[in-house]
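Letters A, B, C, D, E, F and G name the chains as they come in the text, with residue numbers starting at 1 for each one.
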Amino acid sequence: MENASTKFEIDKLNLFYGSFQALIDIDMTIYTNKITALIGPSGCGKSTFIRTLNRMNDLILGVKTTGLVKFDEMDIYAVDYDVINLRKKVGMVFQKPNPFPKTIFENIVYGPKVHGEKNRDKLQEIVEKTLKEVALWEEVKDRLHKPALGLSGGQQQRLCIARCLAVEPEVILMDEPTSALDPVATSKIESLLEELVEKYTIVIVTHNMQQAGRVSDYTSFFLSGKVLETDKTEIIFSNPTNKKTEEYITGRFG
Amino acid sequence: MKAYEKIVEKLIIVCAIISTISVVLITVFIFRSGLPILMNYGVIDFIFGTNWSPTNGNYGILPLIAGTLSVTLGALIIGVPMGIASAIILSEILPGKVARVFKSAIELLAGIPSVVYGFFGLIVLVPAIRTFILPIVQLVVPKATTTGFSIFAGAIILAIMILPTIVSISENSIKAVPREFREASLALGANKMETIVRVIIPAAKSGIIASIILGMGRAIGETMAVILITGNMPKIPGGPLDSVATLTGTIAMEMGYADATHQQALFAVGIILFMIIMLLNAIAQISAHGLRGNN
Amino acid sequence: GAKTEPTATGLTGKVVVAGSTSVQPLSEELASAFMDINPDVTIEIQGGGSGVGIKAAQDKIADFGSSSRELKAEEKATIANEYVIAKDGVAVVLDPANTVTDLSLDQIKQIFTGKITNWKEVGGADAPIVVVSREEGSGTRGAFVEITKVSEKDAAGTAVDNTTKDALVQPSTGAVKTTVANTPNTIGYISIGALDDTVKAIKVEGIDATEANVLAGDYKISRPFLYLSNTELTPAAQAFLDFILSAEGQAIVAKDFIPVQ
Amino acid sequence: MIKKIKQGAFYGSIGLLAFLVMISLLSIMGYILFNGVGHINLEFLTKEPRSMGREGGIFSVIIGTLILTLFSVLIATPIGVAAAIFFTEYSAGKKWVGPIRFFTEILAGIPSIIFGLFGFAFFVIFLGLGWSILSGGLTLAIMILPTLIRATEESLKTVPMSYREGSLSLGATKLQTITRVIIPSCLPGILTGIILGVGRAIGETAAVMLTAGSNLRMPTSLLDSTRTMSVHLYTLASEGISLEKTFATASLLIIIVLIINTAANAITSKYIIKS
Amino acid sequence: MSARPQMDHEMAIILNELLEMGARVEDAIRLAIKSLKEKDSALARKIIDDDQIIDDLEDAIRDKCIKFMARQQPLAGDLRMTISILQMIRDMERIGDHCEDISKYTLRLENEHYIKELIDIPRMAEMAAKMVKDSLDSFVGKDLKLARRVWKSDEEVDEIFRNINDELLDLMAKDPAKVKQSVMFTFIAAHIERIADYATNICEETVFAIEGDFHMEQIEEV
Amino acid sequence: MENASTKFEIDKLNLFYGSFQALIDIDMTIYTNKITALIGPSGCGKSTFIRTLNRMNDLILGVKTTGLVKFDEMDIYAVDYDVINLRKKVGMVFQKPNPFPKTIFENIVYGPKVHGEKNRDKLQEIVEKTLKEVALWEEVKDRLHKPALGLSGGQQQRLCIARCLAVEPEVILMDEPTSALDPVATSKIESLLEELVEKYTIVIVTHNMQQAGRVSDYTSFFLSGKVLETDKTEIIFSNPTNKKTEEYITGRFG
Amino acid sequence: MSARPQMDHEMAIILNELLEMGARVEDAIRLAIKSLKEKDSALARKIIDDDQIIDDLEDAIRDKCIKFMARQQPLAGDLRMTISILQMIRDMERIGDHCEDISKYTLRLENEHYIKELIDIPRMAEMAAKMVKDSLDSFVGKDLKLARRVWKSDEEVDEIFRNINDELLDLMAKDPAKVKQSVMFTFIAAHIERIADYATNICEETVFAIEGDFHMEQIEEV
């Protein structure tokens, strides 16, 4: 579509929960340094799909996948693929802000520490850098060693993004990152996304169509486990090809 | 790293299995010790025999079962309304601070060793029944007589002992009733009582039932307090002021002096007790799962 | 498990005594006295009951099992050594308010088998008799029912304990005493050694329940206190046994019970 | 109008019932403490008992109680915590977990007398450990295991799934997730479980009597028999040895339970405030 | 049921007013020519006065569209439709202006004898009026073929306009006395030509609203 | 503003939680048979305010109100005012669908039963009527005696609305009624609102500005416990007077 | 920081293109008159050709506005501004058309000697061009006073137009040979007059975008 390199290449991905097929023949390309939004009604498979990209679905029992998910040209479902490394490179931010019940500082250095970073100065540096990246530094620099749970919802979510950045990912997956936040906090996260996309590839699942419109470069419409339409966001919102997409976009669905 | 994790994982599994091993061991040892006599004597005769005199070779535990059940039932009759009322008051009526005090008082009740209750029952309740309750009863039934060692005494003490179980589990399940239900009911113009009776209690029903069953389990399993206050008379009781012997009490009491066959018989009593408790557990679990299923 | 290693200063090791609650107080007293002399020996006194004592001896989990009743024939077969360390009378006790002072053995039998149920039948007030008995298997009970013929051999020759089912059952000497002391119209039986003024001991066949009368053979209801052993005694255990049977030991026995020497 | 009367009756009756609960608690505690606290003195706490506890103090009993309790908790805690971790973190999808969990639930419901029978038959006789702190402690450990597992599991369950996801998505391994995120965040819950276990161990009578024996002397090794305060109280009460010592022992038990409860509450409330 | 009855309801109101505006504009065209032809000054004045109504309608529809967008946040087809309406009403308002201008000429010609019989101009006006009507119908009825036909017929109008122009230039060159009237008729014809242009623009909006682009050329194949 | 009669007239309403003032000098008019939307950032007081209208705030300890809240010309905070009757007339629907764990039928008849209706036929009639009003009848008529918790989220919320209608209220208060629902269920509730307003006066708190725009006739913008602007919704969204309102509406707030 | 950088960024791009389109339109006006005055056919042809660029710009801006609305869902001031832009570009595109029309006359006049010196028409054109520029500046700079001034200056343009018209009618009446040119010049003047009208319309959009209504009259007081 555009002269952008691809980060993920998904080919005929099928996913089953036991006998229920949650994803059907998904083909998709996720472009580097772009924001790709996944929209669709509840249960359409968008959340399931995003979790195939860092294999978080491994945690759920009875999940079986077929097809290809290539990350930087490598099949991440290959038997010898290093999942830990994948998750390092493909960070994730969740629906509800989920800082650990530790200090702000400890939250951010958690990832680096797990991956073996012990140098205190280096950790301090990481904390400052990532907090600045998420525009939280000024707000929290005087309370780095206070509990993260004392922050507001919006701040917590930005902290979670910072925590994710601290392991230097290439991709950030976001599963409805603002659905638990109020409009003001939401718009802060949205502006943040627009800055982060300069350095990272972002995939975001959202219930909020307006949000998909505002922040994303590409939008995929999921329905009943299938991708009905993927296109540039402006096209999806102004002139979608698929009738179902149009119905969903215009609120006439179902 | 991976190997290390595997080892830890295995260790964890071993720990988890220990409880299973324990249960199996318990079952094996108890059944090994008790089953022979159960077989020789005949399960039916054992359970439905009315004569418990091991020295004479009579091992009918019906009086013991009757004793246990009557004390337990009495405890439930006294304890359940008190427990549920307390749970309601705690979670719905008392303001936070007072409720906390009340709650910790009830938790304290749970922590007090059962012997203390038994001691209190022996020293206060038994004489009190004899001197205060009996004359009142005699006004109605002139022929009534009691030493004070009775189902009634046992029931009161057990009722107090099972209160914490009933209160805390009922309260938890009442508290687990979402605030939204209360709000919805009040917003429909119901008053607080109607909200409690028509919405909250039905919604917490399975939890309350589970609490009663667990309380019942505790009552059945209780030993020491009961020995001290029920009189240990292995006879099918005729009324609440009669003395009775319970399954647990009999085991604890006679174990020390029992000869070989007698001891087997006591293990066999243990088997029966074990079965009753299992049954109750199963019921409690089913009703607890029912609760989860509803929400 | 008792281990003994002689040292320069004397005996060491541990002696475990387990069993009858009736024997227990006496064992405690004897152990204290013994350990005052042999500070390096530990003597552990366990309760549990005569059954426990017999079993402990059989299973060799104690140096001595204690019993407050005679062994049954089949029990005798499994126990190597049996030592009588004392004798004890069993007193029939009433609550202090009761006016009855003397009962015959037959009256006692009638009362404990439930044939006589009112005090007026034995010369007391018009009040129902409340029987307090010990639990099944108790040594005291065994001795008591046998001597009072509450337990009789049936046609097949097996002994049948006919204690009334209307009896309250208490699991220890102390419990019987407390119950009788505090409950009107009760009758029970306890070791003479445990007698005190909270209960009223009656004459049996006109004889007072005293140690002297037991020793003289006048008071009929008595039983031996046994130490049982199935192992070869350790030096410490042997020393303890010797101490008990010595004059010094028997003097302690004599405080509450009847010496055997 | 009818509603008013109904409400009155309703509030009246539940109020009365709850009042009764309070009264029974106060009367039991009050009666025992009133009669007992006066007899708790330095001598009682520090002297060894004499003549079956009729005289002297209960020092050896207190020590015996402490050692037995500590021993059982030390045995049960790692096993219980590990088992709870297994149930919440590792059990998913393993078919044989059902029976294991079922057996754990069973264990929780078994009356203490049965534990006593088992401990007697298994540790005391079968393994030949005799009446000892070892036998009693192991029996108690098994007995409090379900309490510990349950309390730990409950508190593990309150750790939101999102913490696990958060950690895993950062590339942490499962064990790292458990040790670095999950356990720290439910430490207070585990502590509460331990305290509950301690309470149960201290209060237990029947099982202890059959396994740890009732030796009144100061234990010198784990193979020694000992007597816990509950057993002592039972003996004193049933034998009618000394009313004042009985009251004093009962009071001391209540006071200890009070302290334990307060500690548990303090930990829990601190935990609640933190999260 | 449609999931957005309120939205559909509001859109229906807007389309209704759009049709009303269309009808008024169409009338204005016909009446302007009628008044010109019949030298009906009163009618001409009425047209000039009534243009205010058309202007007000434009304002009203525009206001409704903005509020519709503010409240209903239309997307995709709904959005394109709303934007098309906003563009169309501006064109229709201009058509009204052109009719007003024609009527002003009518008034200026009030006392003059026409230099020639008016045949082509009314014909052209009639065509333009029909184009306006058809273009709106195509929009409201989502009728691409009709839109295409209207768009095509603009060529005819242009043809007529060129003829009229040539004829009038001829007349003027021949007879200076006829200059003033001829210039005026030329202007009138130019106005009508522009009206037809607007109609084609409206048709383009139809295509845009339905298809999302302006590829009028591809419609024929439909 | 318009020729509509007023249902609520609020005059200088102040509300304190202990020493914290949550509502400051609120003046507002709520018109009969209109939908009034309350918008504003988290903690602005909109939820607190809606709960003053049926005195649900009474449930919270330490709440003190001053000022007038007139419902049908009567001061609902007067000492002798019948709160039960108020709540009968002013129904409420909550953020999360909260059907009782009873059957569908029992849920709806709960209110009427509490208020003394015992006639089985009458109750049956109420159930049918209200379920039809919320367009749920066709979906559930065959399972009236099945548990209400078996319904989907959107159906549950419609059931809650039906339950509320069953006591024949005049006003329905809705506190973010769709924030727990997906877009499809949300749009169903929204269409429903548009029908209900024919018969009822509706006040709705919403986080979702687009929703306020779509469904309401009037919108009030709350900020820090004050009402900054109240106007017809179309004005608020196309041409608000207050700069803060505009900032909030256009997502430039804070 | 603004909470919606992406939105502001997109709007900035649109405004930039709007200004570019404005500049092109302004140039088109000036060059059309220059080519007319100087009989520069090549220039005239270029203007005709370049109108396509203006048309394309209109399409591009319109497309961007629609996508902007679809994605950013502007409300209140943002919404009004977007809608105003949509309307303005349609007017600007028309201005371009008028320049094209003027240039077509230039080509037709290519080989003729002008009957009079062109003074008023260029003056009028210059005014119109400035009006277009000012109107856009007022929009982009949110300058209500400037908008008001532009709106006012339309009256001057109308005045000049009337004068030119009268003068040309006079010429035609006097000399039939001058009819054709006069008619053309009249048309050219009419085109310019219309361009000025569009500029005033753009000013109205400025007022609307900022104030939310069209009360130009009240601006004077500012």
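Note that contacts are C-beta pairs under 8 Å (C-beta built on N, C-alpha and C of every residue); 3 or more make two chains touch, one makes a residue touch a chain.
Given the structure is predicted, the values throughout are model-derived calculations rather than measurements.
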Field: Contact-graph separation of chain B and chain E, given in steps at minimum
entry: 2
- request: Report which of B-C and F-G is connected by more C-beta pairs in contact.
  value: B-C
Message: What's the distance between the Cα centroids of chain B and chain G, rounded to whole Å?
response: 94
- prompt: How many Å are there between the centre of chain A and the centre of chain G, using C-alpha atoms for each centre?
  reply: 48
- prompt: Could you state the distance in Å from the CA-based centre of chain A to that of chain C?
  reply: 81
- prompt: On chain D, where are the residues touching two or more other chains?
  reply: 173, 209, 238
- request: Enumerate the residues of chain E that touch no fewer than two other chains.
  value: 2-4, 7, 66, 69-70, 73, 75-76, 79-80
- line: Residues of chain C that touch at least two other chains are 21, 47-48, 170-171, 175, 178
Field: Pairs of chains in contact (touch as defined earlier), listed by label
entry: A-D, A-E, A-F, A-G, B-C, B-D, B-F, C-D, E-F, E-G, F-G
Query: Which residues, counting only chain G, touch chain A once they are in their complex?
result: 1-7, 66-67, 69-73
- line: The answer for chain F against chain A in the complex is residues 41-42, 182-185, 187-188, 207, 209-210, 248, 251-254
- prompt: Where on chain F is chain G touching in the complex?
  reply: 209-210, 213, 237-240, 246, 249-254
- prompt: Mind pulling up the chain A residues that touch chain G in the complex?
  reply: 184, 187-188, 190-191, 194-195, 210, 213-215, 233-234, 237-238
- line: Interface with chain D, chain C side, in the complex: residues 1, 14, 16, 18, 21, 24-25, 28-29, 32, 42-48, 59, 61-62, 170-175, 177-178, 181, 198
